[in-house]
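One chain, chain A, appears in both complexes that follow, with chain B as partner in the first and chain C in the second.
Presenting the complex of A and B:
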């Protein structure tokens, strides 16, 4: 499974490299889908429709940013959707106890952090593989939601709590879209312009080498799990506020879409490579695809076929291409 | 000898199941009546069948998250086949189920073998694709009990020597795969590939092809279970066995199958499945809401994987260890 990378004699010019990068391919795909959508449906190019379409990806993308860092470092967190469910359940519970909006936000973020810390401790302190740990916590976290809620639902969120998921900052620009943009910039800077970001890449490429060059591997990974939990908490606040109710099946299957988004964005599932701009573009593409198919009255489960096929083909196609070129 | 046998993972787990049954016995003696135990075993049979396939996949350092979706898709196909052609004999239905399941497994296997895509990504993808396909072929409609032929529904319930057919399938699969894993080159190849892929390559094993066969076996078992599941419950729809893949992985992990590959036994998978099965069936008896089950299997996975990591640290490569133990000192 190890990939052999040869070092070229001469580097291509920066512009040529940028043109041939995964990100420019994604940009072309995004523009094409945008164009096709506007051809396919006359309702697509309405600003309010487009604004609604952003809800398809903003919440997922927030988690995808943190997940991208985690996957680059060589770990994975499959429990993000159940963290949303648990955080949302906790917020619903807090509402029953009569807490106001600020407390609800704290509860949502706190539960997200706690769940992230739980995953992080199991992976970094006990040295367990993150796939199994998070498959376990996936059913544990959602299971707790089911224990608390059963077949019931929490409702009655305060009126001002609705702002996070339904509020507009200016004209058609939603609060969620603004938050998405801010987070994209923050995560972009953290990953591409800080020591911490370099450490994440180093760990993903060679954890032992990273440890020998003085990077506290376990601590960085733990922080990344915390971050993923925190972002799941943020997404839980937005989603709960948008839906206005909590059921234990909330955000079911999102982990798949989030991982797809990250991988589609060019992050190597084996770790060590990937960029935030790529993930941002992938988020737009997935949002546009689901929205476009929705306008064409394609049922949700058929869309999931598209998502699944997309996930496999984005990884398969470059490998097929490589094989074809070698011949 | 006896000490080593006592320290075996399987023995500890078997003991745990007995203790569990003992605790339930003190409150609800009826649970441990032979008839009820047969019922529990029968109810756990689908999990046992899938856990055996999953165990083999995990042995080769892969994971198959598409088993439940494969089960549901195959179940839907054979149910629709039965509605279309009610006179088709059960043997043909069984053959179709096993072959279709194996083919779906091969799709996973080829993607892992030929394109070296990480198994978790492949099977996450095929999991949603298979589920989506059920919707496409059935148009979202259910196939209900009254549409199925009597023979189709009766088969898994028909009893031989007091045991339902469903249980017999689980027992036969356990025996068959104990033989395959211990007495055939393919079985040993699964261990070798998972234990040390590099060494396996140097001894002439094709790692990718071995993984392909693991996925094929897992798929075939899932397909078989698909028919048994649908005919037993008398209904097929998009969401049957939703989330069941987690229970299957849980059964393996509890049964001592190491997620890093190379370590695990059919008996372990069987006992892991039975452990979960006893808990699942005991919950309503001891008056705990069935909503607890999901959290319990989650907690069981985490505890078991932690336990495995602790006990497995000094084990190393299983095949070499076995050879050392056998060699005269």
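Presenting the complex of A and C:
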């Protein structure tokens, strides 16, 4: 008796794969939270309120895009929030010297790039572990801000500088939200459609193998640190513009929120896997949860607990399910 | 496979449903948000207690006690944004940053929300008025009165300040000197500076007792100095001879009150402060009073607040803490 065996040329149909992906899980979570928010609070479904809510995540998400690439490549940058502080301090200093808005933007971006380059050189040239390097520069960058400012603040930013953090492009669409969307598309294309993006995945999965395949590992990593610094500079411009002043404590604790956003977005903390759409969804989820709970006047500490629980459950549930199904 | 998606969906739904509570709506109460620097600080919990007391007294007032997890301006802005979205009637904020909250608070005012600051102020363009716990004049008068109360026959007092350039302390001492003519029997023999360092303050206080053996009181208008001076008096065995007083925190001064090194000291009362802030916010939000230079706004049992040219007002004399009430307050702040 002959047995007919069929060997499928692919294990799952593309649609099935898409449905089972991390992103669709996140989408379901996001839609659910949106739905529950609109039921829980009568003020949630208001265009202006939703517009205000986007400020909870836009600046952090800008950095999260670059951070996602960095983490996929197997590195991390914990100094992003202090880079914001240093870039903002430098811009405040430039204001005191009488510079106008275009110069301020250049200063913000420039300081971000320099900080990123500093991290990048230490990691790629001297071969130091990025987590150690950036824990060090975390204290260094913010320390400089504290030395310059002490308990003082820089203020007096030009009126047109306020546009970046407080301006509207059209109706309720803020400048920050627009920038967030544009950057999402740009980073999505870079990671998913270019050779550079494929090199990032390759390095994250196997840096030695990538090097032997002709990828210039150190150069790619250096560029990723530069990019993360640059995005921190962009976020610094937006945040400083939104606050209208600079204090050395600006963006305190953001590095962990940004890493949380990236991990929630499905980027493997060990490197080698993750997508930009995942990070975009994670940004929306974190923004919606904090805003929704804020509308119900849930204390901030409970919000942190909720975010933590969300992170653990979203990561743990599929794995637990997988284990249970195999058994 | 379908089942798996359904299960993850159900799980996330259940999770999210657990997170969202339900909002109960009363018949349009006046909603006053008391925004503090950070939650979980005894001083602000006590202020909330006062605000709730004001709410109970006024009736049909809901006090929303809220604030960020840590003392950042960004955290407070997120809180303020969600309060704007809820269209609360008033926001009373103790600010983490004088300037950074201004854009957010201006937006609140643009949307018809009454905004006041209390305790730690916001720049004038970001609020309608500011409530100071006290004023330099009242503090200056209080610190000498505290010493004089326990010196019926007059005597010698010395000042232990922070640094020579500490603005607050210098102003308070200046204000104190202005009222010295009301105390003809009291002589200020010396002013020393402990730089707000515990060990230096201790040494300076010890030195004061050596150079002036007949000293009756040490006035320290700084929370570091007053504790150090009390310990110096205890160590010198002069409890009962030298009374330490000034401005201090109940939690740090409880030991000195117990040992008798300090008979009394003063600092603002957070309960009164929260009570007044809620009362003022209510008066402004309901339109029974209007903020502006020279305005007089009622604040219940705390009397009436008079605003100066910057729309700022001082609540009251610093509150006196002694053996009768230290137990109650030492756990608060």
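As a convention for this text, the second predicted complex is superposed on the first by the 296 of 327 C-alpha atoms of A that agree within 3 Å, B and C clash if a C-alpha of one lies under 4 Å from a C-alpha of the other, contacts with A are read in each partner's own complex, and residues count from 1 in each chain.
Operating definition for what follows: a contact is a pair of C-beta atoms (placed from the backbone, for glycine too) under 8 Å apart; a residue touches a chain by one contact, two chains touch by 3 or more.
Since this is a predicted model, take the numbers as computed values, not measurements.
When both complexes are overlaid on chain A, the residue A:70 reaches neither chain B nor chain C. If you count the residues of chain A touched by chain B and by chain C, you find the higher number for C. Of the two partner chains, neither chain B nor chain C is touched by A:123. By the touch criterion defined above, A:309 lies against chain B and chain C together after alignment on the C-alpha atoms of chain A. Of the two partner chains, neither chain B nor chain C is touched by A:111. Within the superposed three-chain model, A:301 lies in touch with chain B and with chain C [touch as defined at top]. When the two structures are aligned on the shared chain, A:261 is found in touch with neither chain B nor chain C.
Look at A:141: by the touch rule set out above, it reaches chain B but stays clear of chain C. Residue overlap on chain A between the chain B contacts of one complex and the chain C contacts of the other covers 253, 299, 301, 304, 309. Residue ranges on chain B touching chain A, taken from their complex, read 63, 111, 115-118, 120-122, 124-129, 131-133, 135-136, 140, 238, 243, 246, 249-250, 253, 259-260, 289, 291-302, 305-306, 309.
Residues of chain A that touch chain B in their complex: 1, 76, 122, 126-129, 131-133, 135-144, 146-147, 150, 253, 256, 259-260, 263, 269-270, 299, 301-302, 304-305, 307-309, 311-312, 315-316, 319-320.
On the side of chain C, the complex with chain A involves touching residues 1, 4-5, 7-9, 11-13, 15-17, 19-23, 39-40, 64, 66-70, 72-75, 77-79, 81-82, 84-87, 97-100, 102-103. Residues 16, 19-20, 24-25, 28-29, 32-33, 36-37, 39-44, 46, 48-49, 52-53, 55-56, 153, 155, 162, 165-166, 239, 242-245, 247, 249-253, 289-301, 303-304, 306, 309-310, 313-314, 317-318, 321, 325 of chain A are the ones that touch chain C when the two sit in their complex.
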